[in-house]
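Here chain A shows up in two complexes: once beside chain B, once beside chain C.
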Partner chain A sequence: MKNLLTSSIAMFVILLGFTSCNNGNKSGSKSGALASNIAEKVYVAPGEYDSHYAFLSGGYSGNVTVYGLPSGRMFKEIPVFSQFPTSGYGYSEETKPMLNTSHGFIPWGDAHHPDISQSKGELDGRWLFINENNTPRIARLSLTTFETEEIIEVPNSAGNHSSSFVTENTEYVVAGTRFSVPIPQRDMPIKDYKGNFQGALSFISVAPETGNMDIKFQVLMPGFNYDLSHPGRGKSHGWFFFTTYNTEEANTLLEVNASQNDKDFIAAINWKKIEEYVNNGGGTMMPANYAHNVYDEHTHTATSTMKKEVRVVNPIEVPGAVYFIPTPKSPHGCDVDPSGEYIVGNGKLSANLTVHSFTKMLDAIENKKFAGEAYGIPILNFEDVLAGVVEQPGLGPLHTEFDGKGNAYTTFFISSEVVKWKLGTWEVVDRKPTYYSVGHLTIPGGNSGKPQGKYMFAMNKITKDRYLPTGPEMEHSAQLYDISGDKMELLLDFPTHGEPHYAAAMEAGIIKAQSQKIYKLADNKHPYAAKSDADTKVVRDGKNVHIYLTTIRSHFSPDNIEGIKVGDKVYFHVTNLEQDFDVPHGFAVIGQNNSELLVMPGQTKTSVWEPKQVGVWPFYCTDFCSALHQEMQGYIRVSAANSDTPIKWSLGEDIE
Partner chain B sequence: MVLFVTLLVSCGGKEEKKKEGFSYQKKATTEKTTTPKAEKVLASKKIDLSNKGVGPIKSVTLGAEVDQAMATHGADVYKKMCTACHRADKKFIGPAPTGILERRTPEWVMNMILNPEQMVKEDPLAKELLMEFNGAPMANQHLTEKEARAVLEYFRTL
Partner chain C sequence: MKKASIIMIIGSLLLLGLFKFPLWNIMLGAPQYPDPLGMNIYIDGIKGVSEFDLQNIDGLNHYIGMKTIPKADEMWEFSMFPKVIFGMAMLGVIIGLLGYFEKVSYKYFLGWFLFMSVLGILGMYDFNNWLVDYGGNLDPHAIIKVTNADGTPMSYKPPLIGFKKLLNFDVTSLPHTGGYLMFIGMSLTLVAFWLGRKTSLNKKT
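Showing the complex of A and B:
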């Protein structure tokens, strides 16, 4: 084993040498991307639409970006875990509660694995779920409005990485912890990790109509690192699979100490069995403190509620619910094929790719063929469960997706390539280089029961010579491949924002059909909305001043405001009266200490302004809204704190 | 500096005297200086009782009497969706609707409400109105046909 490790490190060094020698011309001529037939495959004529939408995690940007396939055009950045001054998300009074946690307001997040909601194992395009790794949270985005609607914090978790994947009818979105921690948290020596720390795997129920999330139960597992996960589907529906590493339970220098064991485990969890146990009163409620933040589309306002307890389940109290499948060697991705039979463990330090059989697993369980146990959890025999091995397909396997035609596609980080292989025969049928050091890959619907597309794209960690240098840091590059033929064909490079760890993609038609174009003014239930010109007003309440402001092309009402004093807290409640598609108005006032607002038709948003200086100060629309956009402005008069200037507001007094 | 501060404080809260602005070729003056053409009638004052405009509405039948229930509904819709730019009896961002049916066909009025983007491109009167009102666009507030009809009935009461 040690030899193997040394040789793979040697290979790594050699390959690094190769990639750094690579130059743009060489790879360009190899890919043949300039050939006109390839150009036609990614050309989406002006005014035409892409056939597929891809939702890429932004990694350390904390957000999600939306791309079209095959063009590689970026359409939108959706703020999720990070403040976003472009729209005012996380700055406006309505959206600040979205970023509330048990650690207080957190302006940033590390977004990892988006997953689209499913019905009967197929993508239904209603919601997108995504996990925040650093301060463990799961978000739900609406795919009709492309807005973040809900964020739930995950207690007892730390490094929320084996997340956020949905079961085949979106019964649950599942969040597993990467780092094990003391549960409950307490003051104890770090060196006593082994046997004392635990890993929480959280099953968060999703309400079928509203999508609202609630932690149904957490399984408290041994103190390993739970790296990635996927649901069983089809025949294995009702199970969930998690890769683990650091089964050594090391608490320091993990790059050495967590690579000792020949095999780590894939944890197989029969969630249906635990659900039944919990429904019959099983498990215990333990004190906890975690935020549940929900955005209401009608009040256009988020509320944050602190929840005080969570149900935890000790796995050994539910016989037959949890098993360990030995898997070489520090497996990263844990991917289940569309039929639900094959579970791929992408052992990142292993020479071979290991594929387990669900049928064989059930058989071994039934016959009680156990190799031992870990903390009371039965360990199955590697050979009993093994379906097959893809022999030496590449170096550093990370993730696998499926095309629904019996093929699997695995990324290899160290050898920078995607390898296509056949399920069942385990033979490698094609390989294509990526540029460079690929992490995840995505096929539309490629982690569901029904893959949808002819495309696959690889998201790379290193850009190097793919783009003109722009200083030490560049956007990462992704490569799009056509996978409709026997061989993969490289079509396109496109830049990605932040660090996309994973992406979920689907046919564009499903999204286009349900997309919402405006918010109905009649449905606006915001307590400070001004739904017509008659509702506009300025109301003083002690030091707080509430301005009920409206926008329409191209004026604010009111646009002259007086009676504000230094030391006041001024709430600009801006309602956009437009009821037409794509007519947002912006709002900015000089010296605003938070951000602008971008207000959608029919929506109300609030910005707080605390004027510090006497004067007459302008505010204006930041979104070019009509030919008279430059005229869309107003003045607010700020008097001294001890002045007696009366509150006054007006619009167009001098008009003929 | 002390003097300056005192000055500021003493001005605080008081109305400053409005200074006379300047005048340079305002509209009235330009009218006079142009060579005498046929008298220019503003689009908002023009009468055209045959043009039905461009859009979904091809024919509207008005009852002999105003339908009060419909007009009340129309007044409500008008208040919510139109008053940001229109005042009943005076020019505001857009023209006043009072007396509109003495100048326009009911079809034209409804098409202007329901289909403003195409109207300002293709209908000669709507095009002129856009210029008369400084290029302020008639916003499409996506009223239903029924709501637009109710607003029309309300206009009959003005």
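Showing the complex of A and C:
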């Protein structure tokens, strides 16, 4: 018996030795064996595919970048709010209308929060939405063509920041204003901000089949700053939650004056109730002026329509629709867990993380337990709604996402780390540093009812990184972590473009299968398309000359053009006749005050050229299209304004 | 003999699969075409495996001066083959029925098989002739001219069956569903013959 006991103790000691050895391995990072083990986790062998797509906001580049996980490789930049000379987006006649606004043509935007469309609370991979912060707009991108299909301007808004998050079935994409403004805009003293400015929260309906966006209503809220938002889901579907700061309603030196209140609010909006009110004729149509830009995949052309009114709703007129939940210290992220029960307020100046309970909120509302009201909107008691507090998890919480296994992951900007904690017990279970000063993080499907676990990546706010230095100005950096185990494991640093404010990611399957390869020439309904060599021509209409040009490996048709005069406005309408995957042709002509065109198979794009000098000028294909790409060129003859050179064109023979 | 006749009828009817499925398939892969281009050869014409494959094969072949892939009305075979196949299937069914009612002997089954085999070999011979012409009858003004070591122009004839490397392309030529159904059908008629013979021998003993 005694022997048994001693041997048991011996065994236990040995086991203990093994465990501590393991621990030692885990904490003592970068031992050779372990490092190569991590390398295997991010290594996607040549010819193999990443398991996830990630769509990163391009921040002040105005665009979206597409990445693969876990490799951290960037696949594509999709132009959205900024001109993109690579493809001619925003330069070609067809795409200039995409960047039209009530302020005229705007070549740049500040892209913030992408979100993938959902059906029944799960990512369906149909569209990606993203907001433009500066001149408030929401864009919808197709995840079949990976192109921007629609942009709608948001009137009465300024600093379109608490956007663009979708409801459980993509009923709405929601856009809230960060800066409150006079509504309608008018000339008034800035010091009269308080009580006079308002914040518009816009609910933009999304047509189930086409995805077309339309502003259904705007809720005109008190003049706070509406920072971020998230939809209720599951049990809280039908509600939307917005964080606020500057409930002080300061209009100057906000870094001090907007940080005075111990608590700001999370605004809980029962959008189903307001929708019903609006469907019954509630709200008022208010004069407005905002652009609605739609790109048609068949005409390959965007149109911009100015809309002249918008429906606004005064929240006090819809009883039971809007409540304020006190939340400590200027909260930033406002995140709802997959079950829809917990609403996390990331008070960015708070030492603690506040979590509200949806059930408790409903209970407090039902029992009318109000602490007061702000501009007629009931304020709930902090304690009545509180689900729990994560005590001292770090400094400067910004944003939380969920793994669907009962864990939450919060970024801390000031202490530069990601902290993993448990929903319900509120205990911190792990923390890992970021390099450096993280803003937002993304878990694939993390903003849905069904997160797709495994990976989490943290996007940093400052540009200091751990790469070879590239001067004062750098791109940003992100860290990829494996979250499949109990502890997070840092896998990879990878560079990101612009300043990504958020990203949306999902398993690759659906999107990979639907990614389009070409545009069908037969479906091309562009009014200036030449769908075969027989359709090519040059037509003069006063000072305007329209050239119907085709491209196919490897020539332009026509490639000799005469009869252009100085002072003409020459439209090169380039149709790519190819119907083979990955055979784009490019177009550029000398002295073009414009970008090139990159024309996909089956597409038509138009570039305007206004020749200022007499001569014979070459144009050529800018995209290496075949072994005879260098031969793909043409000449266009420009005569004096008063000459009588006739319009003529040819291919394969001389112009006589 | 009844069982043998039914197998004969089924075997003959399998030929009709050629009206629905391709007889043959030629795939062309290359570094630039990780998803290969391909053509399915039906008895009544050639179709691309993907929607624009034929157009794209023609587009590539113009560099080396090959003619475009023939349309259905450009080759007499595509109007003749369906008639022959339909006729042979019907003939097989009739022989099978006659066998079933003991009007003809099992030897007719073999006769049908041999006749079909002769037609098949003629068909393959004709197909190979077309491949030779398609791969070798090149435009003298072709953009790219490749010659063999002895100075003769290189032929781009795809293999009748099997694999061949043609410049940057890996070409694989194999029977497709319709072809396999035909082979199975023809084998079944042999089985029918064998079974018929066995029953007939059993009867005699």
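By our rule, the second predicted complex is superposed on the first by the 617 of 656 C-alpha atoms of A that agree within 3 Å, B and C clash if a C-alpha of one lies under 4 Å from a C-alpha of the other, contacts with A are read in each partner's own complex, and residues count from 1 in each chain.
The criterion applied here is as follows: a contact is a pair of C-beta atoms (placed from the backbone, for glycine too) under 8 Å apart; a residue touches a chain by one contact, two chains touch by 3 or more.
Since the structure is predicted, the reported quantities are computational estimates derived from the model, not experimental observations.
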Just from the overlay, do chain B and chain C fit on chain A, or is there a clash?
-> clash
Is A:555 contacted by the first partner chain B, the second partner chain C, both or neither?
-> first
Give one of first, second, both or neither to describe whether A:579 is in contact with chain B, with chain C, with both, or with none.
-> both
Please work out whether A:640 is in contact with chain B alone, chain C alone, both, or neither, and reply first, second, both or neither.
-> first
See if chain A has more residues touched by chain B or by chain C, and give me that chain.
-> B
With the two structures laid over each other on chain A, which partner does A:518 touch: chain B (first), chain C (second), both, or neither?
-> both
Taking the superposition as given, does A:534 touch the first partner, chain B, the second, chain C, both, or neither?
-> first
Contacts of A:627 with chain B and chain C, given as first, second, both or neither = both
With the two structures laid over each other on chain A, which partner does A:590 touch: chain B (first), chain C (second), both, or neither?
-> neither
Clash with chain C (superposed arrangement) - responsible stretch of chain B out of 6-14, 42-50 or 78-86 | 42-50
Using the superposition described at the top, list the residues of chain A that contact chain B and also contact chain C.
-> 518, 552-553, 578-580, 627-628
Which part of chain A faces chain C closely enough to touch in the complex?
-> 518, 552-553, 578-581, 627-628
Give every residue of chain A touching chain B within the complex, in rising order.
-> 518, 521-522, 531-534, 550, 552-555, 557, 577-580, 583, 614, 626-628, 639-640, 643-645, 652, 655-656
Within the complex, which stretch of chain B touches chain A?
-> 8-9, 12-13, 79-81, 83-85, 90-93, 134-137, 139-142
The chain C residues in contact with chain A across the complex are 35, 51-52, 55-56, 59, 63, 143-144
